[in-house]
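Here the chain labels run A, B, C and D in written order, and each chain numbers its own residues starting at 1.
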Amino acid sequence: MKKLINDPKKVVDESVEGFGLAHAAHVKVNPDPLFVIRKDAPRAGKVGLVSGGGSGHEPLHAGYVGYGMLDAAVPGPVFTSPTPDAIIPATIAANSGAGVVHIVKNYTGDVLNFETAAEMAEAEGVEVRTVLVNDDVAVEDSLYTAGRRGVAGTVLVEKIAGAAAERGDNLDAVAAIGNRVNANVRSMGVALSACTVPHAGVPSFELAEDEIEIGIGIHGEPGRHKIPMENADGITDRLLEPILADLKPASGDKVLLFVNGMGGTPASELYIVYRHAAKALEAAGLVVERSLVGNYITALEMQGCSISVLRLDDEMTELWDAPVNTPALRWGM
Amino acid sequence: MKKLINDPKKVVDESVEGFGLAHAAHVKVNPDPLFVIRKDAPRAGKVGLVSGGGSGHEPLHAGYVGYGMLDAAVPGPVFTSPTPDAIIPATIAANSGAGVVHIVKNYTGDVLNFETAAEMAEAEGVEVRTVLVNDDVAVEDSLYTAGRRGVAGTVLVEKIAGAAAERGDNLDAVAAIGNRVNANVRSMGVALSACTVPHAGVPSFELAEDEIEIGIGIHGEPGRHKIPMENADGITDRLLEPILADLKPASGDKVLLFVNGMGGTPASELYIVYRHAAKALEAAGLVVERSLVGNYITALEMQGCSISVLRLDDEMTELWDAPVNTPALRWGM
Amino acid sequence: MANNAALDAAWAIDWLRRSAAVVAENRVHLIELDRAIGDADHGENLDRGFSAILEKLDAELPATPGAAFKLAAMTLMSKVGGAAGPLYGTAYLRAATAVGDAASLDSATLATALAAARDGVVARGKAAVGDKTMIDAWTPAVDAAASAAADGAGPAVVLDAAATAAEAGAVSTDPLVAHKGRASYLGERAIGHRDPGAVSSAMILRAAAQAAEASS
Amino acid sequence: MANNAALDAAWAIDWLRRSAAVVAENRVHLIELDRAIGDADHGENLDRGFSAILEKLDAELPATPGAAFKLAAMTLMSKVGGAAGPLYGTAYLRAATAVGDAASLDSATLATALAAARDGVVARGKAAVGDKTMIDAWTPAVDAAASAAADGAGPAVVLDAAATAAEAGAVSTDPLVAHKGRASYLGERAIGHRDPGAVSSAMILRAAAQAAEASS
């Protein structure tokens, strides 16, 4: 394992410290318990947005703290959800009195820790709503599993719910639009290589030189199945097919197409995937109205990508376009 | 070699096509000869900025086409400079009559091809100035070599010269500020792994599991020397030392600190490097006024990073802060 | 032989220390188990949590078993994270509630405390036996403890029965498809792998039995 | 034996076709040489350029050697990129200028054309012999051609002498530190590696000699 790190146990603390130094204009870092908060939080009258989860998915979540997106982010250890003792003070700090929405990716650990934190924050007088993100169509039979995982759709939920909060929507409205985004987004990923968790020191799974892992999550956990390596267009089709089968968009639907890099894949390859995906969606009668391409929710240095398709309505599009000013997503200001 | 590509010979064409589809709001793609041009180019009265070079460094250069930065970018084959037959029409298309500045990284191939193109564009009536970027302190004895390479400093030159052009500076002034940025920026890189050029199919160099390559360029070419793996703080010191020795900043100087990822390194690691570099600069009496952290000029999927330090003056800072609206760098609008 | 002696705070503290030791020793093993069907952090997470417990014990010793369980609950809840943190945290918290401020625990109380702990995990995680989770270790352990206590066994024997049943329960997860937790995403590919949480549960219960044995 | 026959357009076309073939055959070899001390693209670049020349030749055949050189120059300039594109492009362009619209080339004209080509590379790239570039193949080739022509050798012999000298010149780059091009960044680490551009230059000159041999 070769990584630009010092002590593997200090990876998250040191990285978030560096993040705070680099983005002092956007955020403040609370070192212990560790959370990142918008510099001007809480903003009077505004619903607070708090997310968090295991580290290793950067820029998610801390990169999205700022105007028009999150008020606070709580980074756990690498691939391990944070604990209530960090989520609670972040929630309190993000609360202006208008309540706080927790955006939680659907993993047992995240759900349990945010659940406890929400209960305890409510006991301290903060009204909390939770938006559970579970967009990953790689997980089948969700009745017999922990349910679908929250993956790349999380970025879209955070952006759009964040814009709703910024324009002054109330607590229930912000949670509702977050849930609406989640209900309309589906994602599926592929890995060409595994990633190495710093404290584990060895890659999370094995892939032969001619194998890829389809339906991968964002924690280096194995995916749906291994298949022999294919070309980019073929892989793109394999990712899109279950997304469309599940989303069942109608011809003429407007969509946002999001091709996300897992951390170790060059931008040029993401655009090759985007190219074919955009053409395939258009061929399926959809209108690709918005796009996002890049490393927005990663799995350390894993090679691979995910595709997400979000069915847009006019309000979502408007909120997507609304100004956002965070370290990792910025436009309009 | 596992890559999200189709035909290795079509990597650049397909990738740029996808880029054009994803960023149709910012750019138009001319497929043959291949160049990317700002959607509203040429802008009346504005000096045009054109850059280009081998592909594989994305988002450089096409990602920086847009308001406040480049008017056109000319992507060559992977790691191979583009040819005059593409540079010339891009130059002509970027010319509003106010002339065009070529921003060229100092490699024999880029220099020769841009030189020819500049001559021929001038023959067609376009006034051309060239800013040669050569910020890489890894290359010693530049008298006995092709000279210092242009690396990450290029991004800073393109941003700041782009802002100067956008505010209406004339041809010589834009070239002058570009040269001033180049004169005040120094960079040095490290690789933890090599990258694989699609048409070569094998990694560009060999590194043992406990070795790193110091002074690496952005073409997978070997660097200054291999050393045993060290921790992030140690590596950061090794990169900063020759930068400061060469830049010779005075105590109290204001600087921009840029930690650039080579493509395969997680953001979290870049922030660990940033953290130590920022502290080291402050300890050296410098004031870190601005920062940039991320994958801005890459070498395919290479793991590693570069550090750049730009000595700022007030005008540079103002131009750095000026609005920019490109696919890969955006703020203020 | 004092095998029937009720277990006091010293036992509870020794249990926690032994748990910390066995988790530290098996950190890599638990990471490896989790790497196969999860995300390679279970050993790291528990080690972080139990190391923190050791630090707290260095600062101040709890006066009753219930206080020791509560200290463990709060520390694991705030240091472990992931799925295991809240689940183990809830287990210890429910055990603490079950034993109240009793100075020492007899066999029946121990069996009740284990059942309360298990019920807490089920309340939070909604797993049933056969779902390939720590419940596959806990439920047989709880049953074995209850029947040993009903048979009049002393605390050390009750805990030994629980640990032995938990160990068998952990092994029983090998052929299962998972229906809860991260391993559930794998479908059939989880077959043949042992659930890390069931293994760590068995280790911790074994530590409890050993502490009882040592205190007797 | 027609060894003294001047070389015409057919020869020039054959030379380009043979060059394309040898570059295609050695694409990987040239990539490998460039991977060691450069950026692993020299074979790919030249192959792209010479394949494009073949396509142009399929469309229309140039009528004079000069026209063939000009076609090569323009195609390489616009298809090869990198350092080699402008350098080879300039070489062919200068050769085209040197031979004008002569229908065929005698030994003296050939030697002059080679010298003009080399001078073009030097004008663009500023390399001297010993800098570990294609000039280390070209300059001995030019010298050998000039002295063969002065000795009254026919065109095929002149080109054979040039190719042989270029091959030796390429080998002579092995022990050198590079002072131009990408390999110059490597310092001492370039020692022991052969310069890819010198190797491709020798291949192309050998193709010229073989075409002359075949036309005789």
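To be clear about the criterion, contacts are C-beta pairs under 8 Å (C-beta built on N, C-alpha and C of every residue); 3 or more make two chains touch, one makes a residue touch a chain.
Keep in mind that this is a model prediction, so the values were computed, not measured.
Enquirer: Give me the fewest steps it takes to get from chain C to chain D if each step has to go to a chain it touches.
Expert: The fewest touching-chain steps linking chain C to chain D number 3.
Enquirer: Find the chain most remote from chain A, comparing centres computed as mean CA coordinates.
Expert: With centres defined by C-alpha atoms, farthest from chain A sits D.
Enquirer: Any idea how many Å lie between the Cα centroids of chain B and chain D?
Expert: 33
Enquirer: Rounded to the nearest whole Å, what is the centre-to-centre distance of chain A and chain B, using the mean of the C-alpha atoms as each centre?
Expert: So the centroids are 29 Å from each other.
Enquirer: Suppose each chain is reduced to the average of its Cα coordinates; what separation in Å results between chain B and chain C?
Expert: Centre-to-centre distance between chain B and chain C: 55 Å.
Enquirer: For chain A, give me the residues that contact two or more of the other chains.
Expert: none
Enquirer: So, with touch as defined above, which chain pairs make the list?
Expert: Result of the pairwise touch check is A-B, A-C, B-D.
Enquirer: Any idea which chain C residues touch chain A in the complex?
Expert: On the chain C side, the touching residues are 31, 35, 37-41, 44-45, 48, 77-87, 124-125, 178-182, 184-187, 189.
Enquirer: Going by the contact rule at the top, pick out the chain B residues touching chain D in the complex.
Expert: For this pair, the touching residues of chain B are 33, 54, 76-85, 107-109, 112-113, 115-116, 138-141, 144-146, 149, 197, 199-200, 202, 204-205, 217, 219-222, 224.
Enquirer: If we count contacts the way the header does, which residues on chain B are in touch with chain A in the complex?
Expert: So the residues of chain B touching chain A come out as 2-7, 11-12, 14-19, 21-23, 55-56, 58-59, 63, 192-193, 209-210, 212, 229, 231-233, 235, 259, 263-276, 278, 288, 291, 293, 295, 298, 300-301, 303-305, 325, 330-333.
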